[in-house]
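One chain, subunit A, appears in both complexes that follow, with subunit B as partner in the first and subunit C in the second.
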Partner chain A sequence: MQKTSNALDALNRNRAYLILALVLIFALFTPRFYTMFNVRSILSGSALYTFLGVSFTLCLIAGHMDLSVGYMATTGAMVVLGMRTNSGLPWWLAILIAVGVGAIAGTINGLLVTKAKIHSFIATLGMQFVLRGSMYMYCNGAEISVRGEFTLTDAINRAPLKFLPLSNLFICTLAVVIIYLVVLRNTRFGRNVHIMGGNRETAWLAGVKSDKLTTLVFTLSGITCALGGALFAISQGTATPTLGEKGIPPLMVALTATILGGTSMAGGKGNVLKTFASILAIMAMLSVLTTRYGKFELQILFMGLALAVAVIYETLRNYARQKRVGIRPNLADEYARETGKTLHIEK
Partner chain B sequence: MLTPPQSEAGRFTRTGKLTSILGTAGIYVIIILLLLVGLGIRQLDYLSLANLRSILQAVSLLGMCCAGLAFVVFSGNMNDMSLPMTMALSGMMAIQLIPYGIVVSVLGGIVAGTLVGVINGIMIGKFRAHPIIWTLAFNLVLSGLVRAAWGGSQIYPDTIAGQNETAQATAETFNLFARTYYFDGALPLMVVVMFIMFVLAQVIFSRTTFGNKLRIVGSQYEVARMSGINTERMVMTAFVLCSLCASVAGIFYASLTKIGAYSNGEGYDFRALTAVLLGGMTLAGGKGTMVGVFGGVLVLGMLTNIMTLIGVPTFNQYVVQGVVFLFIVWLNNYLEEKRGHA
Partner chain C sequence: MKRLIGLLLVFTMAFALVSWGGGTVITATEGDNLAESIALFEEAIESMETTDGQLLMPAPIEKEFPDRPEDPDALPEDDAGRYYDMEYVGWDATEKSPDIPESPADGSIGKRVIVIVHGDHAWTTAYERGFKMAGEALGMTIDVWSPNWDQALQDQLIDRAINEEPDAIALIPLSAENATQQFRKITMAGIPAFGTNTLTTSDAMQYMIAWTGPDDWAQMRQLSEKMAEALGGEGGVAYITHNVGTSPYYSRTFGPITQFAEHYPDIKTLDIQSPGFEAAQCKQIVSDWISRFGDDLTGIFLADDAPQATGTIDAIKEAGREDIIVVAAGNSKTGQDLVKSGDIAVINYQSAEADAGLSARTIASWFNGETVLNVGYLMTDMITEENVDSFYPTQW
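And then the complex of A and B:
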């Protein structure tokens, strides 16, 4: 009995990889899925969503929600091309400014949450509208395109190794995922973020400066999203203010991947690599759906179902556990201390 | 986090007159200020019957949503992010059922919309799902379902009715919902419905045991649960009421635009929440009145009205709305903290 539950647990913990494997196996029966071109386009297409997913995961681990990730990416995309095309700045400066704007917006988010004590969900919801409006104002509702020279666009889409479907854009994405993975796992910052998300009080007792840390988390989220948006815009050669709202909202992709990847909705637990695997699985699933049915509506439906099933599963699991333990799990510890017997409770 | 504990005396002396006035009647002070601003811009035209009616009519859909959403916010569940798709679904169902007569059409729309609330209520009330994440997820599912079911296209009352004479007449009646006026065009039906909803909600809040229990659930969930209140049913009812009001609003929306589309209720989640919070409710739940919420709806409507009169473009209005929203939430928090309720 114990063994099977352990195996199931391990399976559930690694469900992101499982889903990815299932989708890839299913894709075997889809014609022309495993071609160089298709795989490359899936990987490149996942770049933007990975940046957003990673930021969302970071915030959720810290116990907050950043609903403005989608519009943060739009901001990065619009600003980088605006600076390049309209203001004629060199690329490196344009990218720097875009990332800087993202950092400022993220910091404002963080200050709203820590200093003004607004719930993160509300603060970022408001920020979403501010960003959306200001991006429309910035470009007068039109799109901004790269004009004339496409050297950087070509460079970012080129695959350095001819026999591998890895574009430079995707390699950048991989680098960001690895950086986040290492930082969250192996540094004091990462551990503090986990502690803070898990239990605010414990973090306070452990001497974690949670206000500063929260602001930093939101700033990092803003930087990552803006960078992702900027790279995406450069690779596409164009940016529209509707990047954050057309079709499947990028926010929903990030949210779905984060939840599928097993990040705890209450905070304190999560893994960037699993989020990344979920994003790849989602992108592969969307590609399969397009090839087989060619319907955009089904993509949204399947994405929604994947997210809903994950949320329902987590919720029911939590519910069953609470039924067993009671709302206050520390009572079980008290019981053990007083009677000397231990309750077998699956944490 | 490391603020030194305040003495009781210090807490009370800090509560100025301004904060207490803003705390109780704050929203109506803002309304009067906005009225003065409007008068300054358009002189007496602003107070003309036509303009006042247009403000009321413009906010009536939002008001219906708010009357329902107030229950959810009051019960401490922050927001119902599936509000847009609830509106879209009920509108589209109502239009789709037009050939079967007007009663079936309206009832079908309301039932379809309320079903969303029932599912939300079961998931959040019974199984304690995260309200924001669940309603966001369910919104996406519904959006996919609605798009897949209708092939991603819009539907129109006249085309659904087809060549059938009676069905055409039903479609006409359906379109008339949002265009019915009483007292020589002074009072639109939508406004009447909104007022009825607000009055009912106020009665529920202040005169029934349900309202009192909901207040306890909203302010202290654990206390409510341990004092024997059926918290599951309270939260469920709150969500059902919310989507009931939203589905009525959705039907009026479809009738007003003569279109049933998946994008019908877009943006209403944010705007409704803004109005509810403007009206003095807090995200923590258990605070606020319907009178305040109605004020919040009015302020949002007048703000949009004045901005349109001045000629602020739509996109800039987004920024203003976002900033106003953040400012109000901050002000609410700040005043609560000043009064020592934080």
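And then the complex of A and C:
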């Protein structure tokens, strides 16, 4: 019984990889899925969502929600092309300004949460609308393109190794995932983010400066999203202020992938690699759906269902866990210490 | 880190294992069926009709274009020359990208064309119907895909379409700015690209074999002439625009403004608003205009003859200002009914089915090895209370 339970736990913990594997097997029966062009499209298409996904995961681990990730990326996209095409700045400076704008917006989010004591859900929702309105005003509601200057666009979309479907954009994305993975696992900053998200009281007792750390988390989220948006815009050669408004909002992909990847909605637990695997699974599944059925409505339906299933599952698990160990699971550890008996708790 | 490497390995191995034959490849019909295609073409363009009894695949119209002003951006907002690069987009783009494929000149029969439209709408349904009717008559298989007005989804569909390696891709770009990269991508993949319905920027023209669609600028100028006639050559006009930044935004706002400025200087622009396509929003704006401008408001120019028109007419009737002359771009049943009831003075005839038919005709001509126009316009007409009955039943 215990073995079965452990196996199920292991499967659940690694569900992101399982879902990815299942989708890849399902894709075997989809015509022209495993072509060099298609795999490269899927991987490159996952870039923006990965930047948003890791940002969202970081915030959620820290115990907060950043609903502005989508518009933060749109801002990065609009600013980088605006600075390049409209203002004529060199690419490096345009990217730097876009990332700087993301950093400022992220820091404001952090300050609203820590200093103004506004719940992150409300603060970032507000920021979402501020950024949306600002971008509409900045570009007069219209798109900005590279106006025929495709040198950097071609470079970022190029695959350095011809036999592998990995574009430079996807390699940049991998680098970001690895950086986040290492930072969250192997640095004091990462450990503090986990402690703070898991239990604010414990974090305080451990001397973690929660306000400073929270602001830093939001700033990093802003930087990452703006950088993702900027790279995405360069790869597309255009930026639109209405990205995802009529189809699948990037926020929804990031949110779904984060929850599917096993990041706890209560904070303190999460893994950017699993978020990344979930994004790959979602992108592969969307490609399968478009290939087999051709209708965008199915993509939206699939995203909605995936999110709903993940959230319902998480909620039920949390409910079951709380029912078993009470709302203070740390008491289970005390119980184990005092009695020498282990209370089986899902972590 | 181990998991990351594992993840990459799984993906790469799966890719490597099956990339040798992951599905069926749809290819063009082989063999020389050119003569049969040409015969079919000649018969179809003469016989096929739209559901409202007009020609489904009319001949493309070529128009004269003036010399380009030295610096269009330096001209005032109500000078037609300022919009030269939009109105005459592509007419001077004779130099095509070296990646543009040569016509196979082996006939249209058996060819597969993927049509990527802009989004779901009653107009799009009629357009899709027109493309499929024309495609069937010309021996081509037509697949129509819609991204529901979403730029990211349209980009995704373009990747999907390239991956399927059809014989041609026709595209209604969602954004003129983004169109260059979209057409470039298709062309660089070695697939013939055709623009349809919505104009792009001049940059994009080099990456497509041909563009076909309505001459929105010319139609708006004709509509303006009709409006000026109804206004007696003077008055104050307010504008409700199309989506800001799109090609119809410019043609349906600055087409009439520049036409009035040049030929009817006593017709003044009172205001320009972009509330979108919701009747309630348009009604609110028109009510505000009536209060704000009073009797100075004598005409309203709409970029759409359906929700924008219903909202506008509601506001006018509620205010008892039926003297305001309303003209609208579009050709929907709502618009035609409002013309018939006398609420709208004029709308322009713009056949969705023939728009698609013209694109299908151009693509088939190219497969048949014929030279096609760089830009081919769709025939047009004005619908007034006098002739509205001859345009029923409406296409959408």
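The rule is simple: the second predicted complex is superposed on the first by the 322 of 347 C-alpha atoms of A that agree within 3 Å, B and C clash if a C-alpha of one lies under 4 Å from a C-alpha of the other, contacts with A are read in each partner's own complex, and residues count from 1 in each chain.
One rule holds for everything that comes next: a contact is a pair of C-beta atoms (placed from the backbone, for glycine too) under 8 Å apart; a residue touches a chain by one contact, two chains touch by 3 or more.
Remember, predicted model here, so these are calculated numbers, not experimental data.
With the C-alpha superposition on subunit A as described, subunit C and subunit B fit side by side in the combined arrangement.
In the overlay built on the shared chain, the residue A:T315 is in contact with subunit B alone; subunit C does not reach it. In the superposition on chain A, contact of A:F37 is made with subunit C only, not with subunit B.
Residue contacts after overlaying the shared chain place A:M265 against subunit B, while subunit C stays out of touching range.
Of the two partner chains, both subunit B and subunit C are touched by A:G141. Of the two partner chains placed around the shared chain by superposition, subunit B is the only one that A:I122 touches, whereas subunit C remains out of contact. Judged by the touch definition given at the top, the superposed model places A:L301 against subunit B, while subunit C stays out of reach.
In the overlay built on the shared chain, the residue A:M65 is in contact with subunit B alone; subunit C does not reach it. With both structures placed on the common chain, the touch criterion links A:L184 to neither subunit B nor subunit C. Judged by the touch definition given at the top, the superposed model places A:M252 against subunit B, while subunit C stays out of reach. Note on the composite model: angle subunit B-subunit A-subunit C, taken at the C-alpha centres, equals 70°, rounded to the nearest 10. Distance between subunit B and subunit C in the overlay is 6 Å (nearest C-alpha pair, rounded to whole angstrom).
Common to the subunit B and subunit C interfaces on subunit A are residues 141, 295-297, 299. Chain contact summary for the complex, subunit A toward subunit C: residues 17, 20-21, 24, 28, 30-39, 41, 43, 45, 139-148, 150, 153, 164-165, 174, 177-178, 181-182, 236-238, 240, 242-248, 273, 276-277, 280, 286-287, 290-291, 294-297, 299.
By the touch criterion given at the top, residues 65, 112, 116-119, 121-123, 125-130, 132-134, 136-137, 141, 204, 210-211, 252, 255-256, 259, 265-266, 295-305, 307-308, 311-312, 315-316, 318-319, 322, 327 of subunit A touch subunit B in their complex. Looking at the complex, you find that subunit B touches subunit A at residues 1, 78-79, 123, 127-130, 132-134, 136-138, 140-145, 147-148, 151-152, 222, 225, 270, 273, 277, 283, 313, 315-323, 325-326, 329-330, 333-334, 337, 342.
On the subunit C side of its complex with subunit A, the touching residues are 1, 3-4, 7-8, 10-12, 14-15, 17-19, 22-25, 119, 143, 145-153, 155-157, 159-160, 162-164, 175-178, 180-181, 184, 189, 201, 203, 243-245, 274.
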